[in-house]
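Below are structures written as structure tokens.
Both of the next two complexes hold chain A, though its partner changes from chain B to chain C.
Right, the complex of A and B next:
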């Protein structure tokens, strides 16, 4: 299974594309802090749907779920274990 | 070589580039030529925007709205008042419900003034307008591109059969008018939706079709439109609000520039809507109004409504003359006195300083020239001490309810980059039951028609085009003829005689400059 490193790399690409080359820690807020815009959340969602089989239509969606690399990784692990 | 010969050569070389639809070279009188280029829109719009998923901007917005309705809060939102996703750009927190309520109610009132009976609403969302307007109509067709949003709306409609019986819902894109006949409706509503359109070309296609399906005497209401001439002031106000005191002015200016360049939503000048009058013969008149309301938020400060009158419209009175507020700084008391002395005359006042955003504009002016090393904390102190000189638009509108016998209409049609607005006071005795009198509003300067929309999601593409054009000119022109600057524009300003209006183009360029 792909892991945290891939998620980190993906988020880093999104930030760079937005002109944000600042430091990125796994617990940093991405959406609620305004570093990424709401339309960037779609990129993360599509990435999770395509690479980790997460179905947001089933589990519901809140920005908190994908607001940091830690949160995204927890979501991925939760989906993998079926919780 | 003569200047005009050199200009012709530069323009010829520019036209040879495949990304160029129209081009003009103008000597700025100092450094050399500036190239003004209308890009080939098919080429620009045809290239996918940034996106690792390879999706289009429109697809991303659709998914954003789909996601917004998958939260627990959305599932429990009251019928006709689902405010999920309405977040402040300043605080990133939800905009208070009472502010959304005022915004909705004012919007509904403005649409009901158009006396709609058969409505086609593009981007109906979860029905905030529909639930309030449909009860006044015989037929209400509501379309949205998000299946999740429409599903939520249909669930809510089932609980209100008296409204549901006159409403049809359709899942389709805004530019899909299949099966809709000419003059089929009297009103098309596009509220708080145009900002999610991928380009101004797309919007124009939608509006051409919308006007086609509206019968003469009807209207296309485009509401909650983000204002391009004030985009930088809006960006500056957000960045200033969010910046820590120790940030330097130079860094803040960079953040403002990045925010404007990264803008993902379509932002439009009122001049765009005014220019449609030349393109669409069925369009007879355009009114541009700042939003009403007391709430202090980004909608009331920086957005407007464009009301497109379709066919058969009364001629505007030729008598409208406007007092210039900037010459006398009329107070509300003085305006009341003028109205009292002229009870039977239409009175216009132009260029009223806008108290809603005057501090933002003052801060922007100071920031533009501030030493790069000054801190935001120091600058902010100065901004906060600026006293208010203008008049709140709602204070002018409220004059209508003070027994003076006038109705009041505001306009932002002049596209004033300082956010000033115009007002017209119409005596009730002259209004004769016309809800929206035709008024000869002050028109924008020619330079305001040069750039009438941003290009969301195309920042990188447009920068690449400019780099290509610069390289192309360097390869094909002697050094002294290579333009020093390139500016992508929506339209080349022309003089009444049909010549390129150099003065207007240079004015547009100067207005776009930011340190």
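Right, the complex of A and C next:
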């Protein structure tokens, strides 16, 4: 679960930087709910590229893929297994 | 156990929590009542009355209310009603013009075919970049129309097509990017979003079918909550509408301050208004633009929410923005989303990956400069038809400068976003907000409704604001 903890910490930082100190559950919507903005989605993309080697130009990009910590973790796992 | 006491609220907290319209959706009794037959009927009646404010003829407002009433009492037919009614309205509106009707249906069908092709061949070049193909084909269509001989059938067909594609292009584009979305695809919803029941500008409100599926109310309680939010938003739109009317009468009627367009026109015609009136008209225009965009977005999103979709507001507290990027996001959310979805992300994910700052700036320019310019240039296709392509481009010079400054400002704003923020009320909020408003006020000199004046006139007017005359 190391990856998930890292993701959680990173998302928490993004929320704090946006002035959102509210509770954060792994299934909470981040972008669709408006808690994070497009620019934050960019930060998540870069974070996943740099830390997990995910190339969105290859796998395609949909904001649903990064809308919650659970979704991000599922994406990381599927990238790691090559699915 | 030490009992926790609520700390006394500060004035700023109380102000932040104050609501002119109470948050009805958080009151359990209101949510329960909104689920009863009578509660639904009262909400729909209030909605119908409120919607009439925004239509010169109440008939369309009543029609929309009637369809939403069907969806409220029979939510299982929501998708099919959404898909059928706009198409029926298009057919009824175009009955007197068979050519327009045929072309209209052809464009809707074309959108459906493109969507099907993108799904059928996802690994093809078209399947990988369907929106880029769409934009390229639309550009080719405009060029073909420009080359057609006036007063011929081909000319008429081509320009009719240009007009129709211009009004549908971003809706079709959302359908194309929806091709791989989850939950499962739903053709009626894709068709519904080509011309949404709740209305729209050329910018799809609120985005495409995939987004609608995700924000749809799933049960009676969710529907009650989202409809209460819709009703509140409509009430807010009406208040803003009434306030903006008073504002206009007071400043432009009673005080006789010219509008920004009038002040520019007087400057061009050699009878410039006094310097303080130039500034006043510019500041007023900034607020008036916020009013008009808010009112438009609020009444559309209110209708969307009444139909059972919990869409985010198009305009949300723009004057609380402390950065240029935040203002752009808060001022016209769905247009910003359009630029981000179709121009920013595709560029950001493909180019300059090894250069983080350059990558961000390049993608921002792709969206705020190229995307913004393409959107407005093609939206106003009548200017291209009436003036010719080259003259239309020449008339577009002020807006190109506008887009350049905007893209530069947004790039800097985004690159600075992650730095430490100043603290304190004045340095942390008042000063940055003033700076943001000042930037957009000045920028609006290059974004007037008039497209008849050359760039130099806009530059002269801008310089005159600072007592520089040439």
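Definition applied: the second predicted complex is superposed on the first by the 81 of 83 C-alpha atoms of A that agree within 3 Å, B and C clash if a C-alpha of one lies under 4 Å from a C-alpha of the other, contacts with A are read in each partner's own complex, and residues count from 1 in each chain.
Just so we're on the same page, contacts are C-beta pairs under 8 Å (C-beta built on N, C-alpha and C of every residue); 3 or more make two chains touch, one makes a residue touch a chain.
Since the structure is predicted, the reported quantities are computational estimates derived from the model, not experimental observations.
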Where does A:22 make contact in the superposed view: on chain B (first), on chain C (second), on both, or on neither? neither
Dominant toucher of chain A (residue count), chain B or chain C: B
Residue by residue on chain A, keep only those touching chain B in one complex and chain C in the other, then list them. 17, 32, 34, 37-39, 42-43, 45-46, 56-57, 60-62
Taking the touch rule as given, give the residues of chain A at its contact with chain C in the complex, in rising order. 17, 32, 34, 37-39, 42-43, 45-46, 49, 56-57, 60-62, 64
Touching residues (chain side chain C, partner chain A) in the complex: 180-182, 210-211, 214-215, 312, 325-326, 329, 336-337, 340, 344-345, 348-350, 353, 356, 360, 414, 417-418
Which stretch or stretches of chain B touch chain A in the complex? 50-53, 55, 57, 60-61, 63-64, 67-68, 70-72, 85, 87, 92, 148, 242, 258, 261-262, 264
Please give the residue numbers of chain A that touch chain B in the complex, ascending. 10, 13-14, 17-19, 32-34, 37-39, 41-43, 45-47, 50, 56-57, 60-62
